[in-house]
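So, here's a batch of structures to check.
Next come two complexes built around chain A: one with chain B, the other with chain C.
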Partner chain A sequence: MTGTSPGNAVLEAVDLSVAIVGTTITVVEPTSFSLAPGEILGLVGESGSGKTTLGLALLAHHRRGLRLSGGRVLIRGQDLLRIPPDQLPARRRGLIRYVPQNPGTALNPGLRIGTQLAECFATPPANGNDHLLALLEDVKLPPTPALLRAYPHQLSGGQQQRVAIAMAFAERPPVIVMDEPTTGLDVTTQAHVLQTVRQLCARHAVAALYVSHDLAVVATLAHRVAVMYAGRVVELGPTGRVLHQPAHPYTRALIEAVPDLDRRTAVAGIAGQAPEPARRPAGCAFAPRCALALDACRAEPPALAAIDTDHLVACLRPTSGRSAPAPPSSSPVPGASALPALEVRNISARHGATVVLHGASFSVSPQTCVALVGESGSGKTTLGQIIAGLHHDWDGDILLGGAPLAHRSAQRSAAQRCHIQYIFQNPYSSFNPRRRIGESIAMAVRAFESPSASDLRRRVAEALDMVALPREAASRYPHQLSGGQRQRAAIARALITGPKLLICDEITSALDVSVQAVIVRLLARLQQEHGLSLLFITHNLALVRSIAQHVLVMHGGRIIESEPVDQVLDAPQQSQTRRLLADAPRFSAAPVTLGVGDG
Partner chain B sequence: MSRLARWWPNTATGTIGAILVLLVVAIALVGPFVAPHSPTSFVGASFAPPTAAYPLGTDALGRDVLSRVLWGGYRILGLAGIATALGVLTGAVIGVIAGYVGGLIDEIVMRLVDVAMAFPQIILVLLFISIIGAKLWLLTVMVAAVHAPQVARVARAATLRVAREDFVRFAEAIGTPFRRIVARELLPNIVAPLMVECGLRFAYSISLIAGLNFLGFGVQPPAADWGLMINENRIGLMGNPWPVLAPVLLIAVLTIGMNLLTDTLARTELGHGIETGPVTTNATPDIPEPERS
Partner chain C sequence: MRPVRAHPLRRFILRRLALGVLTLFLVSVLVFAATEALPGNAARAVLGRNATPAALASLETKLHLDRPVWVQYELWLGGVLSGRPGRSLVNGEKVLAQVAPRIRNSAVLLTLAGLFGVPLALLAGIVAATRRDGAFDASVSTIALALAALPEFVVGIFLVILLATTVIHWLPPVSLVPPGTSVLARPRILVLPVLTLMLVIFPYIFRMMRGSMAEILESDYIEMARLKGLGQRRLVMLHALPNAIAPVIQVIALTFAYLAGGVVLVEYVFAYPGIGQGLVEAIFARDIPVIQFDVVVLAGFYVSLNIVADLLAVLATPRLRTAG
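Right, the complex of A and B next:
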């Protein structure tokens, strides 16, 4: 049941499971799979599905509070879980290596790059620096002695991640586990790193487990995909099959939640939440959220079974094929003659001595969603903060409904502050942790009017209804809500004042795709029902297609393109836009096959 | 009740610390009511060793040591408490404003704090006391003044972290007044480090005030006081060590207990409050420890 014949497998995991220390609560249920030399297996799942835990378990490692509760990890015939702990580091290093999500924490800030690369070898390489330079060349870094002498902080995030990858590949281990290595990088850097990983694995016949929450990344990289849900692999098969003909209802729902860069689709979220390890139901963990669930599904978890060669599914009612993408929601057409809700004229801005915006001008029509896209550092967040009055060092004019706006929010009229609301990127930091959600939402009202206590309670409840949060959420503290719930509460806080313009700064980038889909649908509905204008700042071009009517592309502090969404995405005029589009991982990428010559 | 339960330490060291602190505080507060004798009446020969009637013997003037120990705590603890509260409050306000406003004001305030910290603290206190005189209010204010700059540094560092958070920016965006941002958004979120600071400063206040009493600048004879007792009785250490040993032990136990307690608070409570999730990733709350093989 491992997909590839065990004979040529380089890694074989058999009934590997992880539990919480001192309990029988399993975080990863017994899982078996194998990796062939040079094969990349994409392990996808949402937060809390146990994908990182499973990845670490392959290294016979676990986070504090967990324990490896059973199974075997065979690499070249050795069972990693049976190696005594004192010998583990020495014997593991030649078998399996790890690339962490955040290279900033993997590299020692006090040691030069060359020193850290040299440390990766059990015995120092014979030809010293030449060997290290070759490693740098492998990961497409300039092979210069200057780079070997550099400290990690002198490198960009993408370069740091390449060094971390070079360190993992240094001794040519048979297997590498990569945990979301491109998550913090922008699309261009991500595309380069992915290409490097693909080439290195093929050239050195290194098998890799690539852990990711991003289906599009996995689609461009992996030969096979394993989908995890609530600690279980629910579907495992060739990338093309799993992503284009998903058989498990969860896989299908997950794929429908992903916006497609090439087509306008109405993304669909998944109702409900994944159960926590201690609260998993007796049967299939997805059954409570599954439309196809039978009584048998709730009795006991279905085993992973083959429905086709190499395609395994843990479902009693596997479906074949992907349902036709939902038709796009009709986008509201703004009245052509309408006065723009927001007009930005010739804005230049500075951060200290650095000029970050060079004369940006654009306007937002009423009831329109304008997407602001660009790579990190292109100035899109600064532009959003200027409009909200949170960044003060700028010249130019901003007109809200025809009236000019002052530099600082404190200098603007209460009505102006009330009509522009800002939603922040990080739902984990946008609520005061010492205050209940309801009080935080009420604070937004109290800033502009002084309603009675009962009136306030009613309005908070209505705002929570609007974003589909239970009214009990008002009496919770932020840490008691999930990221997606907090982001919805942040939207409720922004809506309660009755704004005309909502500035959304990467509001879904910290969320799982299924939650992102729920939020995007919510915003589209609110836009129509309340006549909102949206300025939607994002780096996710596929998402733009699903939500926006107009796109502004920023590059180096300038708006280089300002066109309706389909025109920008289908017929980009500027080379920078074309590059952004080319680098974005595509969900409908051609399936990757493990060729014979790959070794 | 749940708020109290939240602050009660949940580790062994923390529990031991809390018990030690409560023990000494209880002795100081309840002591005067249960003392067998008046702290100032002469009951026997000087430096008489312990007997059944006088379990800790007598001191230099033949007064009952046990009674004096029981009477001698509430003043020093009270003074230390007031001085600590005053010092932490002043320091917190200075630090929060400097940290939040930033820029030139931050620069000026923090350099002044550096200047204040460059003075040897005990000398500074003695200087003022020698000019104005040995008054208890002055003692309190001076001890508070010793604490304020150090607390200001801690409060500023904590504020810098909180002030970056989006909920503070949100409060700014809807035009919340400065005073409310400081009082409602910033201060509640640096309570944990301030509580830790309170504990450490309290223990330090005790030793500082006991030291000043020892030198004769604080509580005046014939009042009973732990610091004063050490000074009065150090010549009779060979005859009856208890008039020195008992106050020393109590101050030591209090200081150790306070350090254990605040250590635990620092480790557990500081982690709560601000919780910054990943910014660019899906919401995995726990990032695995980097693997180095």
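Right, the complex of A and C next:
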């Protein structure tokens, strides 16, 4: 059973829609679906698709500037949208609960954990603290009074998220909405949290809407998946069907953009951008980016219709089956015979009194991508910063093309600084918001030479060409570009000095998968065409398979494994590597079926 | 083994106290330099143009003006620290005896203004923030802006016109107190000065409370608490207020520190016998020991207020309080 029949549904959303205040611009188009007791429905979509807005609408809640513009949300026969506002908080609490995306900001910094847990109950539990301790135990936190007395900032990110989950499950509500609750956690913590969620939902027959941008997470957790695009659910069906036999062109494109941990695929991006709510076309919102689009697609949006039992698609030309994964775009580049582009010998480093790196050694061959993976806190970023000359407290030797590098970037020669470029994780904060993109890119050249204005313009234009950005982008401000465009501009800024080595620090983690795929393809092309070496720092092991030739696994400040990519991912030698691989959510996970309890 | 460290909070307090003492020392040097060591002769300034050389010489000896500057400073500071800041040059009374009742009167004024004015401003700020852009918010915000734009003596005079002289005649327009009696014995004379100060401090505290509260009410954890089903009262008073109050404490302290100076004008308007009015009189009379002592007292008030505010702000923030 997949719980689509209203008969046994615990939640039923009917034509639920959300609009911008004072307008008829809809952020979420009328949407209907239902949840069966204990069922987990994954709601996936890229940023701006309206998935969080839809999730909050189930709670009859919306962010400032939006309004619930129609429909019904029936839970146990009560329509949440018809409850008067003054009664809503009290009546909603027993029906539906919410787990926020970022527990770091969603727990009150001024109140103890125990206080925040206790107020989840309409009437204080009779046995007081014992009850709260049992809640902690439910989510696999140490059930100690000390934890109840702690403030949120004294807990780790994973612990905070467990507290948030405990709060949602406290009164055993029939429905819970979870908004990307594992974003920002490392894979091991994420795996544990997901398992807890799965067990709690099964044990207490709690239905959950699990909002996520991560298809692999949804694949491991959800019974059914709904795919959202531009405010509409475009496909809805059992997880296995939707992910392995996607029918909507957008779903298929989204899946092809996701790197696969188990085999090397050439990830494909989706050209163009999703339209903003005010600029959605009259017909299917995906039509402008769709290779299969007909004139009829542009006339009016297709309705969600069944193509099979329980499998609904909003498309005039639904396809069946998934196209074979594209062959890898880049074969591993041999380059071992040549002098290494970068050689790191026995680096130890400190942060204050703490030793964070213990004798790390490795080398990067020319035109090779070396991936640096490991849990958060394993020393990946510190190593990258040392090579870039941004972290100074270290011993050992670093050779760039055979020549030793000084500790500080300021002590290195201009040529050396040109040859190593660093790209930051967050394209939203790595550009000066008051400077045009072209000026920011030109700054990188001006630091080393003083070219004429026309020469500089030409070189900025060339750098933008290399990352496939239109030349007009030079005169834009950062906020006028999308996240993917900004990250491409950041790469252009790194390329303009003619580098030999690019250090990429989690550069796709803030981006949607379709954009990530575009960036990964771009880097692979640059690597081949310009002979670049890449040091690619990431926690995403699936991505490693698609981009890297060689992998370094870090654990506790040591490089514990250094092997070609297939060897590390298919035949890991170290237990820590095996655990990282086991914890990584797998896209090709066995379909989850409802009723088969695993807790 | 790591060395045993003092509790971070105690270290914080000790450091702030040390800095406060340093600030007061610098203030005392500046005050002394400004009033005594400047060119011109204090004795001549006191006695006027027609003083006889003999009288000048005798006064100079009495004021230690014949000694080197640092010795003068040392003598003066020693006197202040031991509670004997000398005698008034005008009437020969002990400075302390003359200033102490004035300090008490000013303290009464500031305390009452704080006791009524701060909660009023906080409450208005909280209500305005919870009903943002509503009628209450719009009207009170406009009034606060107007009040902030008016100098305090204008506010005082306006209240006098409204409540004492022209419109209605409820209250005495001036706050005369016979020497030797307490202001508390005549509550009616306190009303106008207290009301003026309340209006003077209102806009800053109100605006800060409103802004801080509005920001906190937009935060993820308030949204979360709302979705948990908490009532509005618990949401605002328990979840939002403790997080919103820290920056407001700083502003309250700054406002009162400013008032320690601003009280001069208000006391002058109402002829209220406080330290501010005393300072103005002393300046007119060139009563240097009184000026020096008044300024040091006001500076001490300023410094201790800031220390208390910092401490309260730390105590109101668990992250700072438990930092190790």
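Just so it is clear, the second predicted complex is superposed on the first by the 590 of 599 C-alpha atoms of A that agree within 3 Å, B and C clash if a C-alpha of one lies under 4 Å from a C-alpha of the other, contacts with A are read in each partner's own complex, and residues count from 1 in each chain.
Note that contacts are C-beta pairs under 8 Å (C-beta built on N, C-alpha and C of every residue); 3 or more make two chains touch, one makes a residue touch a chain.
What you see is a predicted model; the values in this text were computed from it and never measured.
Asks: Looking at A:P89, would you say it contacts chain B, chain C, both, or neither? Reply first, second, both or neither.
Replies: both
Asks: In the overlaid three-chain picture, which partner chain does A:A106 touch, first (chain B) or second (chain C), both, or neither?
Replies: Touch partners of A:A106: chain B and chain C.
Asks: In the overlay, answer first, second, both or neither for which of chain B and chain C A:R97 touches.
Replies: A:R97: touches chain B and chain C.
Asks: Is the number of chain A residues in contact higher for chain B or for chain C?
Replies: Touching more residues of chain A than the other partner does is B.
Asks: Check whether A:G184 is in contact with chain B, with chain C, with both or with neither, and answer first, second, both or neither.
Replies: After superposing on A, A:G184 lies in contact with chain B but is clear of chain C.
Asks: Which partner does A:T144 contact after superposing on A: first (chain B), second (chain C), both, neither?
Replies: Neither chain B nor chain C is touched by A:T144.
Asks: Would you check which partner chain A:P433 touches, where first means chain B only, second means chain C only, and both and neither mean what they say?
Replies: In the superposition, A:P433 contacts chain B only.
Asks: Of the two partner chains, chain B (first) and chain C (second), which one does A:H61 touch, if any: first, second, both, or neither?
Replies: So A:H61 meets both chain B and chain C here.
Asks: Based on the superposed arrangement, let me know which partner A:Q567 touches: chain B (first), chain C (second), both, or neither?
Replies: The answer is neither, since A:Q567 touches no partner chain.
Asks: Which chain A residues contact chain B in one complex and chain C in the other?
Replies: 59, 61, 64, 89, 92-93, 97-98, 100, 102, 105-106
Asks: What residues on chain B touch chain A, complex-wise?
Replies: Within the complex, chain B touches chain A at residues 165-167, 169-176, 184-185, 188-189, 191, 272-293.
Asks: Quick one: in the complex, what on chain A touches chain B?
Replies: Against chain B, chain A makes touches at 46-48, 52, 56, 59, 61, 63-64, 89, 92-93, 96-98, 100-102, 105-106, 179-180, 183-184, 213, 388-390, 409-410, 412, 414, 417-418, 420-422, 424-435, 440, 443-444, 447-448, 479, 482-484, 493, 497, 509-512.
Asks: Which bits of chain C are touching chain A when the two form their complex?
Replies: 218-221, 223-231, 234, 238-239, 242-243, 316-319, 322
Asks: For chain A, which residues are in contact with chain C within the complex?
Replies: These residues of chain A touch chain C: 59, 61, 64, 89-90, 92-93, 97-98, 100, 102, 105-111, 119-120, 122, 151, 153-154, 164, 167.
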